[in-house]
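Labels run A, B, C and D following the written order; every chain starts at residue 1.
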Amino acid sequence: MKALLLRDLRLAIRAGGGFGLGLAFFLILATLIPFGVGPQPDVLASIAPGVLWVGALLSCLLSLERIFALDFEDGALDLMASSPLPLEGIVAVKSLAHWLTTGLPLVVAAPLLGLMLNLPSQSYGWLLMSLLIGTPALSVIGAFGAAITVGLKRGGLLISLLVLPLYVPTLIFGADVVRRAGQGLDASVPAFMLAGLTLGAVAIMPFASAAALRAGLKGS
Amino acid sequence: MIDLGKYAADVVLAYCISLGLILGLIGLSIYRAKRMKADLAAAEARIEARQNNGT
Amino acid sequence: MLELNDVAVARGGITVLEGVSFHLAAGNALILRGENGIGKTTLLRAIAGLQPTVNGTIQAPEESIAFASHADGIKAQLTVRENLEFWAEVYGNASSDVDAAIQAMNLMELTDRPAAQMSAGQKRRLGLGRLLVTARLIWVLDEPTVSLDRASVALFSDVVRAHLAGGGAALIATHIDLGIEAETLDLTPFKAKADVTADTFDGDYW
Amino acid sequence: MSLWEYANPRKFMALSGKLLPWTAVGAALLCCVGLIWGFFFTPDDFRMGSTVKIIYIHVPSAMMAINVWVMMLVTSLIWLIRRHHVSALAAKAAAPIGMVMTLVALATGAIWGNPMWGTYWAWDPRLTSFLILFLFYLGYMALWEAVEDKDTAADLTSVMCLVGSVFALLSRYATRFWNQGLHQGTSVPVATGERTVDDVFFIPLAISMVGFAVLFVALVLLRTRTEVRARRLAVLNARERMSA
């Protein structure tokens, strides 16, 4: 299991495409918004939480397909499925690798982009915390979408249609934490909801993803 | 006919859209059913014909 | 060692092979023959556990099958040694096996070269090296000698012979004569007849 | 185990062949009676005026939108556990019906809301959950089309349906948390039983609700029969190609 994680991380770093892609997209999105919405600080401040969270979510979405597609094409997925590693374990490790290479960089970059979007100063802590708690759920749910669409033609298009509705609860609670913090309200309630959601997703989704992979590999 | 008051337009619009969608669904389902039945019959006829002179 | 009786496999919902039965004892190999598309790959995937069978049973000792298909699962960005070490760890074997595998498939001078810069033949040898690293008794190989030159085929045959001598078994789907003394099984008689195939959907249909 | 007998395609086709005419006629009758009675013979509401008449389509379609997904959930579970093809095909047949019902519920909800709330679309928890349900239906149907091998498609869509149901429920409560609702209380709270709608409106409403349910049964039977035939056709064609 550890070997798979190290291998995936090494591949992501060597290939370089991995987390760079997600991060670049997040940066571009955050810079585009003011062009569209206008530079007035108060307008930006009010939409900053939503923009940052939606940006993080879409950046995650972008790199989901790579989780299984590369291993599927060169047959490694078949070999791993017939190896002693349980499929659920493989999916969990791959989601963790995706989180480390894509989720974490987003969490680090978010405050900088928050500055650009004139995010209220007291909500930076909450922003970091909510993203830290929320992005693992995005990776695990996203891995499920990737597992379902592995090997399908036009899988990329399908992944967004399948996964985005699943992201709604995480987005609602995540953005709400930052918005309430900005308005000086108590943000602990949505934060706990977000944490509960993530823990639930991390516990359950690998099994659903493994079932989907098993079905997918069987068909090919 | 009955007087629908000032919201007549909304009510009629709602009914038209809904009935339109539902009848469309029904029509599509019936059309698809008929075509599939015909295609299947044709395929089976082909199989039948091939089996009689084939084997 | 490996026991199949009355196995039927399906591809895309249609049964392609049925009534396949054979026994593969330790120490010998079985070559599967049959024209393309008859279902060799489907059968091998079923034996490797990647695919359920339509009916019939496949008995093999637990955790004893190593599968290798056309796509050999080699990561282009990783070097030969990193690829083999990864698979060694996945199968829970020490890295000493890695050196043995590199020796056996004479990849010594390639160990630190990323797989991307290797020829198809060398990559194939690395794929077969992976088999050695799994230390599994039953090798299930799908066209293992594709894109191998004469010398490499001979090398591969020696490796298989050594594996058989060591008490292992090999089930190989190939068209090339590997020079290994092994029975051959032609799958043509097991081809599912066109009009009576037991497609699980169709069987109880009409 | 008599119930599972009907999962066998041949028996299902025989049974559904007999049932279909009755359910179709029943559905037509009930819907006509319910809608016509509700549309022509009920007074206007003192506050909402004649827009209350939209209730006869909005409530039944909203109810069906949710029930169809529950039906798909059950059939998906049956497919995953007992591998009955008809059950998976029934789920595939039901999806478009559910999607149309959700669409109707959204359209009538928006139009009905317009005079009251001043806008066609209000980000109200209930309307938003229906929008999310609509997206789930789209994803489900798109997944069926995207997979070539129908057995794999049945597996993938069943897993998708299970996961989708969990997240639909989560979204239901998340949206309520996220924005206080403009939607009025449930007009026919089946759970609590008391009615916020007085009798003169309730009877035609009940009839149309039953009418929509029977309409769904008729449609899903028709569409499942088509799916069974389509699957049989695909098998025949594949076999022809194989033996040619």
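Just so we're on the same page, a residue touches a chain if its C-beta (ideal position, glycine included) is under 8 Å from a C-beta of that chain, and two chains touch if they have at least 3 such contacts.
Note that the coordinates shown come from a computational prediction; the quantities given were computed from them, not determined experimentally.
Just to note, of B-D and C-D, the chains joined by more C-beta pairs in contact are B-D. Closest chain to the protein centre (all Cα atoms averaged), using per-chain Cα means: A. If you average the CA atoms of subunit A and of subunit B, the two centres end up 42 Å from each other. One simple way to say how far apart two chains are is to compare their mean CA positions; for subunit B and subunit D this gives 17 Å.
Subunit C and subunit D have CA centres that are 48 Å apart.
Subunit A and subunit D, compared by their mean Cα positions, are separated by 32 Å.
Residue numbers of subunit A whose C-beta contacts span two or more other chains: 218-219. Across the assembly, subunit B contributes 47 as residues in contact with two or more other chains.
In subunit D, the residues that touch at least two other chains are 148-149, 151, 232. If you check each pair of chains against the touch rule, the ones that pass are A-C, A-D, B-D, C-D.
Against subunit D, in their complex, subunit C makes its touches with residues 12-14, 16, 194-195, 197, 199-202, 204-206.
Only residues 2, 4-8, 10-11, 13-15, 17-19, 21-22, 24-26, 29-30, 32-33, 36-37, 39-40, 43-44, 46-47 of subunit B touch subunit D when the two sit together in their complex.
Those residues of subunit A that touch subunit D in the complex are listed here as 144, 148-149, 152-155, 158, 161-162, 164-166, 168-169, 172-173, 176, 190, 193, 197, 204-205, 208, 211-212, 214-216, 218-219. For subunit D in complex with subunit B, the touching residues are 39-40, 44, 48-51, 53-54, 57-58, 61, 96-97, 100, 103-104, 107-108, 111-112, 114-115, 215, 219, 222-223, 225-226, 229-230, 232-233, 236-237, 240.
Residues of subunit D that touch subunit C in their complex: 8-10, 83, 85, 148-151, 231-232, 234-235, 238-239, 242-243.
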